[in-house]
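One chain, chain A, appears in both complexes that follow, with chain B as partner in the first and chain C in the second.
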Partner chain A sequence: MSGYWAGILVILAINVIAAYSAWLPLAAGQVNLGTAGFMAVGAYAGAVLSGDYEWPVGAAIAAGAVASGLLALLVGSAVLRTRGLYLALATLAVNEVVRGILLNWDAVGGASGYPVIAHIELLPIAIAALCVFLVAAWLGASRFGMTLHAIEQDETMTGLFGVHVSRVQLAAFTIGGVMAGLAGALYAHHFSYIEAQYFTVLMSVTIVLSVVLGGVQTVWGPLVGAAFFTLLPELFRGASNWRYVLFAAGVIAIMALRPQGIVTRAALMRLRRAA
Partner chain B sequence: MTLFRIENLRKSFGGLEVIRGVSLEVAQGQRLALIGPNGAGKTTVFNLINGYYRPDEGRILLDGQDLVPMAPRLRIRHGLARSFQNIRLIPHLTVEENVLLGAHIHAGGMLAQALPLFMGRGRKLREQARGLLEDAGLTAHRGALAGSLAYGLRKRVEVVRALMARPRLLLLDEPCAGLNTQERGVLMEELQRIAASGVTMMVVEHDMHFVGGLCDRAIVLNFGEKIAEGTPAEVARDPAVIEAYLGHEPEKYAHA
Partner chain C sequence: MVAQQLVNGLMLGAIYMMVAVSFTLFFGCLNFLNFSVPALFMLGGFLTWAFVQMGMPWVVAVLGALAVAAVASLIVERLTWRIQRGGPPLIPLVSSLGFLILFENLVLVRWGSDARSIPSPFGDANIRIGEVVLGVPQLACLVVAIGLVFGLQFLLARSKLGRGIRSVAESPETATILGVEVNKVVPRLFLLAGLFCALAGVMFSLSYQLVSPFMGDQVALKGLAAMVLGGMGSVWGAVIGGLVIGLIEIFAISALSADHVSVVVYGLLLAVLIVRPTGLFGDAGLGQQKL
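This part shows the complex of A and B:
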């Protein structure tokens, strides 16, 4: 495999993990615009542990995921009281706070960034993405996954059937936080250098958009969305500077034709019947 | 034996008192109809019972337990389930999955809920859901998305979903609103079958023919007050009830 394709696949795998981290809360109707902030926490925690503290890479990456998950649990307990746009705004603020702290924290390099010595290649990253997909598929097929969709559709009604709505939402947000931290830690250990400026709100928005475009109704949506957002700009590379125009036109066309996302439950059922 | 009792229930929105000291009792196994003109407060009573609103005054006792201080999501654990006037199914989940949501309180803790629906306790619930759907004649629609179903079928799925909670008191909010005559007949048979199995019901409904066929007692509300009580046939003849619906006693029309 050429270095070019290996590089694309690494980014694809990381984007897939990030997409699932945004999908879990999104399936319950919560827009988390802080995904990149949680990725930054995972990236920095993992990098510091494998670098300064000389932890084995695997353990450092896992710890990065856990650190991000703990932050999500903490932040989620506070901001999940808010709804809709206000939740989006609150998580966006979290993203900026995380970035601001990292930017000003000299122990992790501040604005000049943090070099990561340990390095991982495509294979472990691809395996991690596969594992995240399997976990998402497992959760999606569970009662937990079902209640996420029910909450997204009708919170009050779901609560009347005995579902502890806020606890389910917090669980989705926290598991999403773990996945985002994992994506960030993997990124740090592949690209060997991290800086706070990279983990912008725009990145969080892009991740959420990729999931919405792929479709939140099924476990396949985030995978398709992440692949679309990663691969399509590459396919248009021949069009040089016009490729983002083409890509944006593609996004608009899909949202116009399939407002529920590319993959919907109804479409999957039609496919299965045809097969 | 009294299963359910409301004592002196009051509720105001702003300065408007919409429920003004309503008391009622439902005996075990009884089917009580709650009727009255639009705006009489019937749905508000339901919303007070399941905790969507909090009453200003009064007690709501299910089997001796006061529901008022209880969080809405805990009330179903005490045997309270309902269907909704405007259908509230999850359109992009299958009929079977929607029905399974009704059994949430029987699904175990967080860990059991993280298992796929066909494993562990979920397996038994799924068999139960399939059984209830079969009893209701809905087996053919089990795997269809709820959003793709005809209105009348969705209304019946709502009833099956509520039954999955194994309720002691089933609240039905306008179960046959929007149904055609044939669909009403099917729903009636189904509810009679459910009633015969011993489920106590409270029904808000406008169709007096339907009420007469299903319920053994009726309470009439008007402007948040109880104005009549008796068998459906008795309240239908009650002059106060006729006036509430039509504004005048029929004699006055006769002389007009």
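This part shows the complex of A and C:
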């Protein structure tokens, strides 16, 4: 496999993990526009532990994921009282605060970034992405996944059936935070260098965009969306500057024609019946 | 020194105020977090530079830039709100993000990604009052911005269009039943709100004399913060929120450093959302549409 394709597959795997981290809260109707901030926490925590504290890489990456999950738990308990677009704005603010703190924190390199010594190749990243997909598929098919879907459909009604809505939402948000931290820590250890400027709100927004485009109804949506977002600009690479124009036009067209995303529950049923 | 910063903060705040008003019109009336606002802001500012560069006189360049932004806003209306209304508010939000990427990259394809400096039509005219230096373009922007908000408020309260907009904000279905032509009112709302943020872009480029294809991103995030601070859907809230964010930014730069601005501004935004999600002037009914 050429280095070019290996590079794209690494990015695809990381994007897939990030997509599932945004998908879990989205499946319950919550928009997390701070995914990149949680990724930054995972990346920096993992990198500092494997660098300054000489932890083994695997343990450092796991700790990065846990650190991001803890932050998600903390933030989630505070902001999940707010709903809908308010929650989206709160997570957006979290993203900018995290980025601002890292940018000014000299112990982790501040604005000049932080070099990561330990390095991992494609294989462990791909395995991690596969594991995240399996976990998401299992969660989606479980009672928990059904509850998320019910909350997305009608929050009040789900509450009336005896579901502790805010606790389920907090769980989805926190698991999403763990996955985002994992994506960030993997990124840090593959690219050997991280800087706070990279983890922008625009990146968070792009992740949510990819999930919604793929479709939030089924577990396949985020996978399709992440693949679309990673591979389509590459396909248009020959078109140089025009590729993002074409890509954006594609996004607008798909959302106009299929507002529920590319993969919907109905589409999967039709596929199954045809097979 | 403090007086100078107060003035600088208010002038920067005038730009955030215009952007926040634009966001709040979309949000308050249509429950639509419209992420094409940063792109319309950029079109206003960047195309002013581009048209001046082509040798057009200033007034023509500004009007041309506003016209392009207005058309862009109408296109956004056609392909987002009109076909996706009634569904989850996330869907038009995603489409409008598509437009953000589209417009920014169209400009990038034509003119490249570099930041360009734009000459001021006012020269470097300043007014001095004691120690305080007032830049003429900034001062003009502040005055124009406040005037426009008063105009908008009058329009919403008194005109037929304003009544139509307010009725759509209450309920598009009821408005239709009562004979309001929703598909005529909403494009006009897009036109109005789009012009507001495009004009903010023009003001930004004239005041700070720097344009780039991504100039809208940071300003729009601050505008969003201003909208939340003031209370979503409230025009006067957006005005106060914009001015406050502008002041905080200027004082944070002088008290800490430019790098700390985002921590302070977004930390405040987060605190407001946790403690008082309805903002300073918002209605108690969370997420209720109102104007």
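We take it that the second predicted complex is superposed on the first by the 275 of 275 C-alpha atoms of A that agree within 3 Å, B and C clash if a C-alpha of one lies under 4 Å from a C-alpha of the other, contacts with A are read in each partner's own complex, and residues count from 1 in each chain.
Here is the rule we go by: a contact is a pair of C-beta atoms (placed from the backbone, for glycine too) under 8 Å apart; a residue touches a chain by one contact, two chains touch by 3 or more.
Everything numeric here is computed off the predicted structure, so don't read it as measured data.
Participant: Taking chain A as the common reference for superposition, should the pair chain B and chain C be classed as clashing or as fitting?
Facilitator: The answer is fit.
Participant: In the overlaid three-chain picture, which partner chain does A:43 touch, first (chain B) or second (chain C), both, or neither?
Facilitator: Neither: A:43 stays clear of chain B and chain C.
Participant: By the touch definition at the top of the document, which applies to A:148: first (chain B), second (chain C), both, or neither?
Facilitator: The answer is neither, since A:148 touches no partner chain.
Participant: Using the superposition on chain A described above, determine whether A:160 touches chain B (first), chain C (second), both, or neither.
Facilitator: In the superposed model, A:160 contacts chain B only, not chain C.
Participant: Between chain B and chain C, which makes contact with more of the residues in chain A?
Facilitator: Per-residue touch count on chain A favours C.
Participant: Look at A:129 in the shared chain and tell me whether it touches chain B only, chain C only, both, or neither; answer first, second, both or neither.
Facilitator: neither
Participant: Just chain B (first), just chain C (second), both, or neither: which does A:264 touch?
Facilitator: First partner only.
Participant: Quick check on the superposed pair: does A:101 touch chain B, chain C, both, or neither? Answer first, second, both or neither.
Facilitator: In the superposed model, A:101 contacts chain C only, not chain B.
Participant: Could you tell me if A:248 is touching chain B, chain C, both of them or neither one (first, second, both, neither)?
Facilitator: second
Participant: Could you state the shortest Cα distance, in Å, between chain B and chain C after the structures are superposed?
Facilitator: 13
Participant: Any idea which chain B residues touch chain A in the complex?
Facilitator: Checking each residue of chain B against chain A gives 50-52, 72-77, 81-82, 84, 88, 90-93, 97, 100-102, 104-105, 107, 110, 112-118, 122, 143, 145, 147-148, 161, 165.
Participant: Mind listing the chain A positions that touch chain B in their complex?
Facilitator: 138-139, 141-144, 146-147, 149-150, 153-154, 156-165, 167, 171, 217, 260, 264-266, 269
Participant: Which part of chain C faces chain A closely enough to touch in the complex?
Facilitator: So the residues of chain C in touch with chain A come to 27, 31, 33, 35, 79-80, 83-84, 87-91, 93-95, 97-99, 101-102, 105-106, 108-109, 217, 221, 224-225, 228, 232, 257, 259-263, 265-267, 269-270, 273-274, 277, 286-287.
Participant: Quick check on the complex: what are the chain A residues that touch chain C?
Facilitator: Interface residues on the chain A side: 26, 29, 31, 78-79, 81-86, 88-90, 92-94, 96-97, 99-101, 103-104, 111, 201-202, 205, 208-209, 212-213, 241-242, 244-245, 247-249, 251-252, 255-256, 259.
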